[in-house]
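Heads up, the next two complexes both have chain A, just with different partners, chain B and then chain C.
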Partner chain A sequence: MNRIITYVITLLPYLAVTFQYVLTSLFFGTIFGFVLAAAKLGKNKALKRLAIGYTTVMRCTPSIVFLFLIFYGLPVLFRTTAGINIDGLGTITFVIITFTLFLGASLSEIMRSAYESVDRGQYEAAVSIGLSSIQAFREIILPQAFAVSLPNMGNTILFLLKEGALGYIIGLIDIMGKAYLINGNEMGAHILEVYLALSLIYWTLSIGIERLFKYLEGRFSFEKENKDTITYRRG
Partner chain B sequence: MLELKGIHKNFGKHEILKGINITVEKGDVVAILGPSGSGKTTLLRCVNFLERADHGVINLEGVETNCKTAGKKDILRIRKKVSFVFQNYNLFKNKTALENVTTGLIVAQKLPREQANAVGKELLNKVGLSDKYNSYPCKLSGGQQQRVGIARAMATNPDIILFDEPTSALDPELVGEVLDVIKKLAKEGVTMMVVTHEMGFARDVANKIIFMDSGSVIETGAPREFFRAPKEARTRQFLKRFIDEPEYII
Partner chain C sequence: MDFDFKFMIDTFFMALKGIPTTLMLTVTAMLIALPAGFFMAVVRRSKTPAASQLIAVYVSYMRGTPLILQIFLLYNLLPTVLNVLFQALHIPINIFNVSNSIYAIVIFSLCETAILEEVFRSALGTVDKGQLEAASTVGLSPFQGYIHIVIPQALVSALPVLCNTTTDLIKMTSLAFNMSVLDMTAIAKIQAAMQLSYIEAYLSIFFLYLILVLVIERIFGLVERRLRIYQKG
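So, the complex of A and B:
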């Protein structure tokens, strides 16, 4: 038991790396997903097809395969097309690129369906009282679409947290990578304890994320009795 | 004050509006009647450009707008002066009753929040919802939602309000409270065009009846003449359904 706790303490600092790729991928993935969703909902047929095709390809690629494609493929692509050497890029950059491209696809689907879940009548009502399309989107559609998308967003972050553990295969030293190294150094003497310690960290994180999103769902739901009640609950 | 001239609208190959001409004076309450599918909703939607007519001119307060060529500014100008009350309310689900009413003032007209709230509360009081300022639409009955919808349409102080069957999505026992509000506005001189299947309402509240069938205005008249002595055969046929019943009773 003590040993497990010791391992947890040894692993914890490497959470910084885990957080780094989770948050960075999420940030860029959200932007990319937004662009893809806009393309899917837009009028331009070519862009639409491109975005849909991209999403399908991503859906059909296992994360690990795509990670290898990026890790080995991207340097080759840059060298042959632009003559740039990107071998010096940190491992984490490849992990971030991989998951940004992945998240873009899944988040774009989440955003698209959330957008479509807000009935068009509300948009019409908004413009009919003089709001511009952009104001109608910002004031009416976005807040509701955001609320609708929260459960799926939570799942996506959990997916990212878990799939991100694959990064150790290309040499990333996050909590998973460190656990792998410890086992290597100790020649697997306490392999079970190490992975139990690792699991404890992942479980705690996952439960935390799940709780956070449950809270956010309640906070951003509009199925409340009235506004006073929300303020009261918040306080 | 509002004049529609030669409004045409096609959906694909179907000609839904075949050149509609309507004049509305200030203070008019115009009831638009007609069988299902005759183009009543489409006509109202064309007026504030929720649908773009293929041909026609809208003259609002002396300013002519060509439906086909109208740009964003023209459309915005009309929307600022023409409000819409929807059949299924279309309240903003993420906003309270009060916010539903004030959004147009705060976001579109940049009114300070305090001032907008004062206007909003006054309007909600007027439609009998002084105790529902902070309620979200999902906690309101259909009748209450539609009354918020009316307050929202009033908020921007429009020249004319378009009602598209404001009571037909309501349970029968809730129709009265909404019609009462509309009647009250009519008495105060608010100009409106109301698409409705409530014949009693049209007869008692409107001062002008327009009967539409398959994309054309068939007959226009004052309610008395319209209901007592309709000129057109199609009007008589349409009204028969509604008039038959009392005759049996008599």
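So, the complex of A and C:
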């Protein structure tokens, strides 16, 4: 038991790396997902088909296969097409690129369905009282779509946290990679303790994220609006 | 660096031989997890003390930790635990001779059961409680009520999600190489390392997974259309 606690303490600093790729992928994934969702909801047929096709392909691909493709393929692609050498990039960059591409696909679906869940009449009502279409989107549609998308967002972040653990395979030293290294150095002497310590960290994190999103759902929900006007507040 | 197209095609056909393994892992784990997950969902909905809390902790753990970690943990833990258990019970099985596929199936089943428990729990929630009561007033036992009334309806509402969990499971089995099981990914990985042609090898299974998952989705789509007769309204 003491040993497990020692390993938890050894592993904890490496959470910084895990958080780094989770937050960065989430940031770029959200931007990419927004672009894809806009393409899916837009009028341009070609762009729409491209976005849907991309989402389908990403949905069908195991993370590990795509991670390998990015890790081995991207440097070659850059060297042959643009003559740029990106071998020097850290492994974390490849992990971030991989999961940005994954998240773009899944977040675009979440955003699209959230957008479509908001009644079209709301937009029309907003425009009829004199809001511009951008204002209507920002003030009326977006807050509601955001509230609808929260549970799925939570799941996506959990997916990212868990699948990101695969980064150790290409040599990333996050908490998973560090645990793997410890076992290598100790010849697997305390393999169970190390992995138990690691699963405690992941478990705690996951429960924390789940709780956070449950809380956010309650805070941003529009369902209970008859209780006290609107529970959603900005900022 | 030139692209070795022939090697990619060769690997594609070699990895094709891994499809039975991938499908075997998926189908077996699914067949174990479906009843187990359903049973757990029913127990947890019935709020049986101790049992439902235990299931909640199990599901939370399985869903809160990466699959790769569960594989590492259980793959190292299971043989030792089972060995002690079997020796204590005088079961004449040498646990260290058990094939790796069995461990893979056990681990994927454990994970899938947790996922399906949640799916079924929410699916059962979509079927009105009054239906079970109505079934009992016309003389059906609770078991019959579940079989004839509740399950068909819950299944229809769960089917799209079941399709997703099945394709997710296919993707999950790509980690089976960690247990030395020769599935599609493992074959491609070996080929890639032998020829040092990583891109070609992984591209070939990239296409293979794409085809496989799309076929499975199509099958589910057909079943879904067939089962829609049970839908209310």
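Quick note on the criterion: the second predicted complex is superposed on the first by the 224 of 235 C-alpha atoms of A that agree within 3 Å, B and C clash if a C-alpha of one lies under 4 Å from a C-alpha of the other, contacts with A are read in each partner's own complex, and residues count from 1 in each chain.
Definition applied: a residue touches a chain if its C-beta (ideal position, glycine included) is under 8 Å from a C-beta of that chain, and two chains touch if they have at least 3 such contacts.
Nothing here was measured: the structure is a model prediction, and the numbers come from that model.
When both complexes are superposed on chain A, chain B and chain C fit side by side without a clash. By the touch criterion defined above, A:G121 lies against chain B but remains apart from chain C after alignment on the C-alpha atoms of chain A. Once the two complexes are laid over each other on the shared chain, residue contacts for A:A147 go to chain B alone; chain C is not touched.
Shared-chain residue A:E139: touches chain B; no touch with chain C. For chain A, the partner with contacts to more residues, out of chain B and chain C, is C. In the superposed model, A:V76 makes contact with chain C only, not with chain B. Shared-chain residue A:L131: touches chain B; no touch with chain C. Between chain B and chain C in the chain A overlay, the least Cα distance found is 22 Å.
Remark: chain C residues 1, 60-61, 63-70, 72-73, 76-77, 167, 170-172, 174-175, 185, 192, 198-199, 202-203, 205-206, 209-210, 212-214 touch chain A in the complex. The touching residues of chain A, when paired with chain C in their complex, are 56-57, 59-66, 68-69, 72-73, 76, 79-80, 158, 161-166, 168, 176, 188, 191-192, 195-196, 198-199, 202-203, 205-207, 210. Contacts from chain A toward chain B in the complex involve residues 119, 121-122, 124-132, 135, 139-140, 143-144, 147, 222-228. Contact residues on chain B toward chain A in their complex (touch as defined above): 48, 50, 76, 79-80, 82-84, 86, 88, 90-96, 103-104, 107-109, 134-136, 138-139, 149, 152-153, 155-156.
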